[in-house]
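Two complexes come next, and they have one chain in common, chain A, joined by chain B in the first and chain C in the second.
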Partner chain A sequence: MYVAVKGGKRAIDNAHRLLAEERRGNKDVPELTLDQIREQMTGAVDRVMTEGSVYDRNLAALAIKQARGDLVEAVFLLRAFRTTLPRFAASQPIDTGKMTVRRRISATYKDLPGGQLLGPTFDYTHRLLDFSLAEETGDHLPPADTAPADVGRAMPRVLDQLDREGLIESEVPTDNIEPGDLTRDPLSFPVDRSVRLQNLARGDEGFLLALAYSTQRGYGRNHPFAGEIRMGEVAVEIVPEELGFPIEIGEITVTECEMVNQFSGSAEAPPQFTRGYGLVFGQQDRKAMSMALVDRALRARELHEEIEAPAQDEEFVMYHSDAVEAQGFVQHLKLPHYVDFQSELELIRRLRSSFQGQAPAPAAAE
Partner chain B sequence: MDTISQSPDNFHAASGSYNFAYLDEQTKRMIRRALLKAITIPGYQVPFGGREMPLSYGWGTGGIQVTASVIGPEDILKVIDQGADDTTNAVSIRSFFAKTTGVETTTETAEATLIQTRHRIPETPLREDQVIVYQVPIPEPLRWLEPRETETRKMHGLAEYGGMHVRLYEDITRYGKIATSYDYPVIVNGRYLMRPSPIPKFDNPKMDQNPALQLFGAGREKRIYAVPPYTSVKSLDFEDHPFEIQTWDQDCAICGSTDSFLDEVITDDAGGRMFVCSDTDYCGQRMAAHDASDETETNQ
Partner chain C sequence: MATSEDFGSTEFGDRRHWMGLFAKTDVGDLEQGWANLSDRPEYKFLRAPETGLVMIRGRAGGTGQAFNMGETTVTRCAVKLANGSTGHAYVAGRNRRHAELAAVFDGLMQCKDYRLMLDGALLAPIERKLVSRRQQAAAKTAATKVDFFTLVRGEDEC
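Now for the complex of A and B:
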């Protein structure tokens, strides 16, 4: 006897309660605090803030806790919160040239004004599991030796040096050009570079990493050099209408990557290096570099290059980069599709019976 | 069925600081403008600034945004998925609106002023004073022929729909009939090729000249389109291969309906199965009417 599927509401409520239980885990273990996540899971916090497009370490920590450490889910939570926020103002462009730099490396020059500054990086760690960490001795670590603090030290951006010589294309001045916002307006191709960069900054790190990697393996190669990667704090300024001049509203940590790429030139213009740009919240070299490589690949149309690889294809990249969109559509296959499937069943039985020259659709077993 | 008859005035206290129907008024206005444009150009996909919703993309965010933009305190809302009011996602969306608007909800098609649906059109005919909102996963009917949006927009501009006919023709050469059973393409008002959303082709004829306003929302793809009341909606076909809908050799095992869309339910692991109405309200109404007439008979 068929029993209609009722009680969906109770099932959902109970599923949520189970989820909360699983999130808490074994109650003999102390509950995770937001402070702990914010201070000790900075890689996760930075990623969630970047892809969630909200710079708020506490909210990101909350999202990570609520999502049980599932970062794509945490990004989704933060996005859904962000969409309800009123917009008070658009900031002035941040000036990364004035960054309080904590890390700065260039792969194109051995030494340069301001010097190379490794900062806190995994780069030269040997990836050996450090079993001493299992014993929670972090509180007794001696402070790290760093170069003497020299906040006044000038640290000009590497690509500006090349620009001064005309060796690299100048950034097109965007004064008076309102940057686009894909969270307000639907995508319409071809898109402005500002919208593309917004899409990449919000894009799933894994997707961008793979695409960036593909350009290095020949699918849209663009001969990159890591001109500069810098990480540190920059001021955020807005110009309130009633004041008419910029005021600082806070400070954010960002990682910026500027790639120097293959040059182009023609009968009319001398050869020049080209640029790829990446900027993310917090410290995320991998994401910033991937973004810069893909940004450069996506400039193929503008630079009159042959568009032949996925990373160069604006529609392909931008429509598929967003983890929140992608996770939703992939997982919607979990929703009931009884009706469509029934339609397909009816059709395939009919097609099979006409193929076998029989009467259509076998009768159901009684 | 969870009926919440809370007045909109006290809804703020009930659900925190979110606006009526979740979206802010500016966003609703933007969506209503897109809806107006969609209604004036039947079947044309209007791009809109779709917002990120607290429900997952692909789970009805487009339909939810459309519903949120047109719902008022006096509306009576019905939400169905696969024709049923009690499927999990329908329950989830209905409780979302119950929470954020406090409007009355119903499972009765005839009682609803606003119906949000996924994959079905109710069997009970709709009226002029009703609005039906479809959840749309992929709005572009030409998508499987041409993946690029830049190209498909051009094709719509030029009404270049030959490719779709060719695809249907290829089905006929391969299978002897058109092998599309749901999301079956239609021409609206003699002009735009439109995806009816993944409803079974069984439901396509209901769209034609329907007295109700039909709105379509695709959240992830950020498109809205519409079929105004009493508009022609024609399923693509050929003179020698006319459009046809699904039929069953069985009647509904519960209410005995012979003219509704049936879901197949597996009853054991030995090939046993039964067929029941996918529209649970329709099935329930028929049973209720049947019981009532039984009672009348016994009383006489």
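Now for the complex of A and C:
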């Protein structure tokens, strides 16, 4: 039962003013600008855009500033803002095959057409704190090296090699089927893979990372290899009703991960590799890989695997992946529950007195 | 001064191309292009700039079943130029001025006289800039190309 609580307006206003002051911090230190966050905190911006489910670097930067760098809070702010805007259209599916690639690696083939391009990565760094960054010397950085590049040639997909030989399941478009949209329709299980991928794309990175890890440790093992991870820019196209032909509205940065997983086969079908897929905004290998591992685990039903681990249970995963929902329900425990608690208190007093064979004690004064 | 009779012959392909360039370039380029015009036509809004969302779709495995990945902000605008030509714009982000100028230039590009002039004065520089940006990124990326090699570890020898 919910009972409303009134009052506390002045305290709340003052608490928010105090928050604003603390957010600003020491005024001898220059205030953080949105440009600085957008340009120099790109990992945070990418995560907030992905989980906030809105690609807008400036809005994400604002959310991060307002949330004092609390990224789950920033995701919440972005999700709330999103509900104030009308949706004009759905895009044509982005073509990651035509990506302007800035990073592309494969753990399954050493030599591959187009090569292994590390791009701007934390991989192979020593994870030693770099104290030179404690000084503001960035403007004197030597420029990044360059090498001759073949612009305009599409980077072939690594898994196409396996596909051509029939060694991996094909991914065939099914354009007559409108993809599900969990922002419009309530979840109803079992769900289509399109809804699962949407849920995972906006799911909390920490939750998905832990689930992905659990599959590697044996809770729904599916023997993954990172077939390809690529990051770069793709065009977003829509077909406005008033025009009737597709136009580009801009470019977005995405990270895509294609996992190659253990074979499946049956009496009718020969054994072949299976796939897990991850696609996120910005540069986020860890999130894209986690998404791909969990996507594959959630395909257990479709691939006739036994469902025995949390990562394979779509209700469990999809109902708990959303950080905004999860934090809301956990944090609502902070709000006044005085009346609820009073009734529990009374109940336990009654139970105790009947346990001790005594008459009920008089209720405590309110 | 171009007239409305001049437009209508424009093929979708060209229009798609310039609309894409206006959307992708920086608003400053369009502002500069507008300032550089000697003959700036009057226009009125058929649809004043308004911001909304576009749901971005991806495909499972890059080529398979479509799914809703997440949205992007977008601003759209439609204008009617004094000569009768209509311009449209959909531009990712929330910059109203960007959408307005993109719509105006879309309208102008449909008039033959303006188009002859803007092809060289506006479109070509924008295209060069976007290509050069892409080339620079590609050249930096190319410098990070690795050749992994595998080594046979000698534990089983001797």
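Please note the rule applied: the second predicted complex is superposed on the first by the 349 of 366 C-alpha atoms of A that agree within 3 Å, B and C clash if a C-alpha of one lies under 4 Å from a C-alpha of the other, contacts with A are read in each partner's own complex, and residues count from 1 in each chain.
Here, contacts are C-beta pairs under 8 Å (C-beta built on N, C-alpha and C of every residue); 3 or more make two chains touch, one makes a residue touch a chain.
All figures in this text were calculated on a predicted structure; none of them were measured in a lab.
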Legend entry - chain A as common anchor, with chain B and chain C clashing or fitting: fit
Inset, instruction - Would you sort A:Ala11 into first (chain B), second (chain C), both or neither based on which partner it touches? - result: first
Inset, instruction - Would you sort A:Arg87 into first (chain B), second (chain C), both or neither based on which partner it touches? - result: second
Inset, instruction - Using the superposition on chain A described above, determine whether A:Asp35 touches chain B (first), chain C (second), both, or neither. - result: neither
Inset, instruction - May I ask you to name which of chain B and chain C touches more residues of chain A? - result: C
Legend entry - Angle, in degrees and to the nearest 10, that opens at chain A between the C-alpha centres of chain B and chain C: 110
Inset, instruction - Could you tell me if A:Glu308 is touching chain B, chain C, both of them or neither one (first, second, both, neither)? - result: neither
Legend entry - After superposition on chain A, the shortest CA separation from chain B to chain C (Å): 12
Legend entry - Overlap of chain C and chain B interfaces on chain A (superposed complexes): 82, 86, 183
Legend entry - Of all residues in chain B, those that touch chain A in their complex: 2, 18, 24, 47-54, 56-59, 61, 81-84, 86-92, 95, 118-120, 137, 147-150, 175-177, 179, 181-183, 198-202, 220, 222-223, 246, 248-250, 253-254, 261-265, 267, 270-276, 278, 280
Legend entry - Residue ranges of chain A touching chain B (in the complex, touch as defined): 2, 4-9, 11-12, 76, 79-80, 82-84, 86, 183-190, 315, 319, 324-325, 327-332, 335-340, 342-347, 350-351, 354, 361, 363-365
Inset, instruction - Provide the residue numbers of chain C that touch chain A in the complex, in ascending order. - result: 12, 15-16, 19-20, 23-24, 51-74, 76, 78, 88, 90-94, 131, 134-150
Legend entry - Contact set on chain A toward chain C in their complex: 49-50, 53-56, 58-59, 82, 85-94, 96-97, 100-103, 110-111, 115-120, 144-151, 157, 159, 170-175, 177, 179-183, 193-195, 197-198, 201-202, 235-236, 238, 240, 242-243, 245-252, 254, 256, 258, 275, 277, 279, 281, 295
